[in-house]
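Next up, some structures in structure tokens.
After this come two complexes, each holding chain A, first together with chain B and then together with chain C.
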Partner chain A sequence: MKINSNLAVSDSGFIFNPSNGDSFSTNAVGADIIRLMKEGKSLNEIKKEISAKYEVEPGAFEKDYEDFISQLQDHFLVSHV
Partner chain B sequence: MKTEKLKYERPAIRKMNTGLMNKFGTRTEYAPFTHIDGVSVKELINKYGSPCFVISERTIRKTYQNAVRAFKTRYPKVQFAWSYKTNYIDAVCNVFHQEGSWAEVVSIFEYTKAIENGVPGNKIIFNGPEKTKADLQVALENNSYIHIDHFDELYDLIELTQELKKTAKVAIRVNMDTGVYPMWDRFGFNYESGQAWNAINKIMASEYLEMVGLHCHIGTFMLDPNAYAVAASKLSDLAVNIKYVFNKTIQYLDLGGGFPSANTLRGAYLPGPDMIPSIDEFAEVITNTILNYGFKKEDLPLLILETGRAMIDDAGYLLGSVIANKRLSDGRRATIMDFGVNILFTAFWYEHKITPAQEFSSHTEDMVIYGPLCMNIDVVRSSVTLPALNKGDHVVVHKVGAYNMTQWMQFIAMRPKVTLIDTNGNSHIIRENETLKTITEPERMPDHLKTFNL
Partner chain C sequence: MSNTTKRKLTVAVTGLNAVDSPGPGVAVIRGIRDCEDFDVRIIGLSYESLEPGIYMEGIADKVYQIPYPAAGTDTLMSRLEYIHSVEKIDVIIPNFDAELHNFIKISKQLKEIGISTFLPTNEQFEARDKVNLFKFGEKHGFLIPRDKTIYDVNELAGVAKEFEYPIVVKGKYYEATVAYTLEQAQKAYHKLNAKWGLPIIVQEFISGTEVNIAALGDGEGNTISAVPMRKLFITDKGKAWAGITLEEQSLIDLASKFINATKWRGGFEIEIMRTNDGKPYIMEVNPRFPAWIYLTVGAGQNQPASLVKLALGEKVDPYTSYAVGKLFIRYAWDLITDVTEFQKISAFGEL
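== the complex of A and B ==
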């Protein structure tokens, strides 16, 4: 799973997709995930970073991560590599 | 040095849309609702479990006193009667009785509850279509006000009073066209067709019935105060005619209830608080109509009000917790709570305000709120904008004091505790949660079904 490389993501969680003009807002955890995905991090690396920064168990985060990815798919923001 | 971790909120993304018809459509709460009357929601849940109902005694008293002020500053003789069916938990009833409310009951069960709470018989108004002869006898012996609903009841009462040679204090319930539909003509005697006058004639002709009042209850969640002006005018007309024809002074006009609370009705464009008339507007039209009707000063009737919902809805909260989050096949977020329509019956007609009980970020999602029941209709809110809620997070449902604690269903799950926060900020259990025993105790097992082999 790869996030579209041309997405513009601001620190506050504002996302702009220049390929179709859609814009989105995401919360802090969502913005961190997208940033880490853009850096090419794997799920395990993302899980480690998020659970180090936030009060969340890695297992609980993985469920939310899968759900978030499905939302990104719904909005055509990720592509299967 | 150990760094503090940040509070986690599950990741969520929302597409930004412009040009929506209603710019207020996706607004959510700005602040978490963490305390009720100074008591922490988290502590209440730790102490009494989740879900649990919380009643604010301070809010009941404040709301009641405001309603009394609205009427008493406009009219010299006013009496409120607490509508038991709206919430008949004894502690709630007693707050109203301490404030000076009589009891208004609609069944012998409620009647007995009022008596056991210590309400004197002559301060109980007995309404409703079902009163057996035995029920009527109890009310008669206690000198209660009996509001006759139909001719069968009237004939029963005539027979009974003749047998016992005891006078009953009676009123009739009158139904009428007030310009609001549907017309509640299933209760009482119709005004326009002359049925009410016919009943009055029969009462005046009977030896042991004393006609003391006239009663109506024109509907529920009434949004038009003018309907009450019509009702007050038609009751006044009957009272004046009774005086003229029989030279009998009617002691009271009972305008019933039906005033709305600040809840938002399903499908309403504007939120409840922006839509409902204030209690003062109802008081203004009702009292003006009676005062201007032409009663002599000494004949001015006592004005009785039986409003329930508007007195108690604001004082009730339901605390609950998130069981799970999931995504529906069409991509919508679904949040499953530990309370459903079994205990939040009013979710069928209100869009209840639901507020998270802990800090949240400004990011919100449109979601469906489901209850825990394995039943498709268990939908608490079909579409609500709320922040991303995690499993175990707490929420507060507002304005649930009316009807939920009487119309709730024992279905699939047990009914939870009801607690009350007193005016000093102390919390009390006023109704214990149900247990398996509550449900199975009244059951009986025939001998041949006691055993089985699997």
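== the complex of A and C ==
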């Protein structure tokens, strides 16, 4: 899964898709995940960084991550590689 | 360019109706005024006495009423000759679909008396007409929704059967209604016929995201500027009340392909419906700048000023970049003026 490279994400979690003009808001965790995806980090690397920065219950990360990714998919913000 | 070498110019512009379904004149004028190469005097050309651009501060230096397009080219030409005798106009920019045919027709005569224009040819104008657009798309490889031109309300049922509901019922010049039943289609037909006359165009409905491109062609197949925009807020008349510039090379390529195929001369707007699987259907090509043209200026590509330079025979280099994520938000503003101003434009045709 690859995040669209031209996606603009502000520190406050505002996401702008310059390809179609859509905009969204996400929380700080979501903004961090998108930033890490844009840096090309793997799922394990993202999990490690997010778990180090935020309190994440064991087993909860994958579930929330999948849910978040499916929302990104619904809005055409990620593509399959 | 320093202030001392600014070029003195007089530019006449139509489309001062900055209303809820606005003409592009005020936005065009703002773009020209923003250009630091010009020391410009703007002559507004109006059709009606309550066009807001007549009265707005800092828009037109002087306004003249001109005859409605139905009055014909002779009447228009003689009125413009009079205005030119007073104002010495360098360039005229017409901004309405309905008046363009007349202006194209008299463009040579205008040139002979020293007024430049930068308009599409009659062939270019006709090729992108709603009634010819599908054929044009077939010829040049553009995706265009199927359509049918009809002159009788009884033809609606057959067309609807062929395209399946919903269908889009469109006026000759402006306005379109999405109809989900025969009754809705008939109502739209009569309304559009009463307002714009025949024919009525019935078009296949394409679902997707609407994206518009404002562009400028140099008449030789080169794209001087192309800026895509998505409407963020749409009025009940389908007009953009807010919009944002997009970054999408495929849209710019589409505009360039259109310019290359037609050798388009002047400004225009392509209305595109992009389906969920990314196919860009051209819904309409408007043969003049759109009302949101000032967004191109805000994004770094001053299309109105470039058109003035092209009209004057100057070489204009194509723009290579623009700001993505620039927004325009239109607003309503109550302008206070005096009845004497209204009286002047109404009684004397000048203000």
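Here is the rule we go by: the second predicted complex is superposed on the first by the 80 of 81 C-alpha atoms of A that agree within 3 Å, B and C clash if a C-alpha of one lies under 4 Å from a C-alpha of the other, contacts with A are read in each partner's own complex, and residues count from 1 in each chain.
By our rule, a residue touches a chain if its C-beta (ideal position, glycine included) is under 8 Å from a C-beta of that chain, and two chains touch if they have at least 3 such contacts.
Since the model is a prediction, treat every value here as computed from it, not as a measurement.
J.: Taking chain A as the common reference, can chain B and chain C both be placed on it without clashing, or not? Answer clash or fit.
T.: Once chain A is superposed (C-alpha atoms), there is room for both chain B and chain C without a clash.
J.: Quick one: angle from chain B through chain A to chain C, Cα centres, nearest 10°?
T.: Between chain B and chain C, as viewed from chain A: 90 degrees.
J.: Chain B or chain C: which reaches more residues on chain A?
T.: B
J.: Is A:65 in contact with chain B, with chain C, with both, or with neither (first, second, both, neither)?
T.: first
J.: Can A:21 be said to touch chain B (first), chain C (second), both, or neither?
T.: In the superposition, A:21 contacts chain C only.
J.: If we overlay the two complexes on their shared chain A, which of chain B and chain C does A:8 touch? Say first, second, both or neither.
T.: second
J.: For the superposed model, what is the least distance in angstrom between any CA atom of chain B and any CA atom of chain C?
T.: Scanning every C-alpha pair, the shortest chain B to chain C distance is 6 Å.
J.: Mind pulling up the chain A residues that touch chain C in the complex?
T.: 6, 8, 16, 18-21
J.: Given the complex with chain A, which residues does chain C contribute to the contact?
T.: Per the stated touch rule, the residues are 209, 211, 229-230, 232, 243-244, 246-248, 274, 324-325.
J.: Mind pulling up the chain B residues that touch chain A in the complex?
T.: Of all residues in chain B, those touching chain A are 5-16, 325, 327, 331, 361, 363, 388, 391.
J.: Give the list of chain A residues in touch with chain B in this complex.
T.: 13, 15, 22-30, 33, 52-56, 60-61, 64-65, 67-68, 70-72, 74-75, 77
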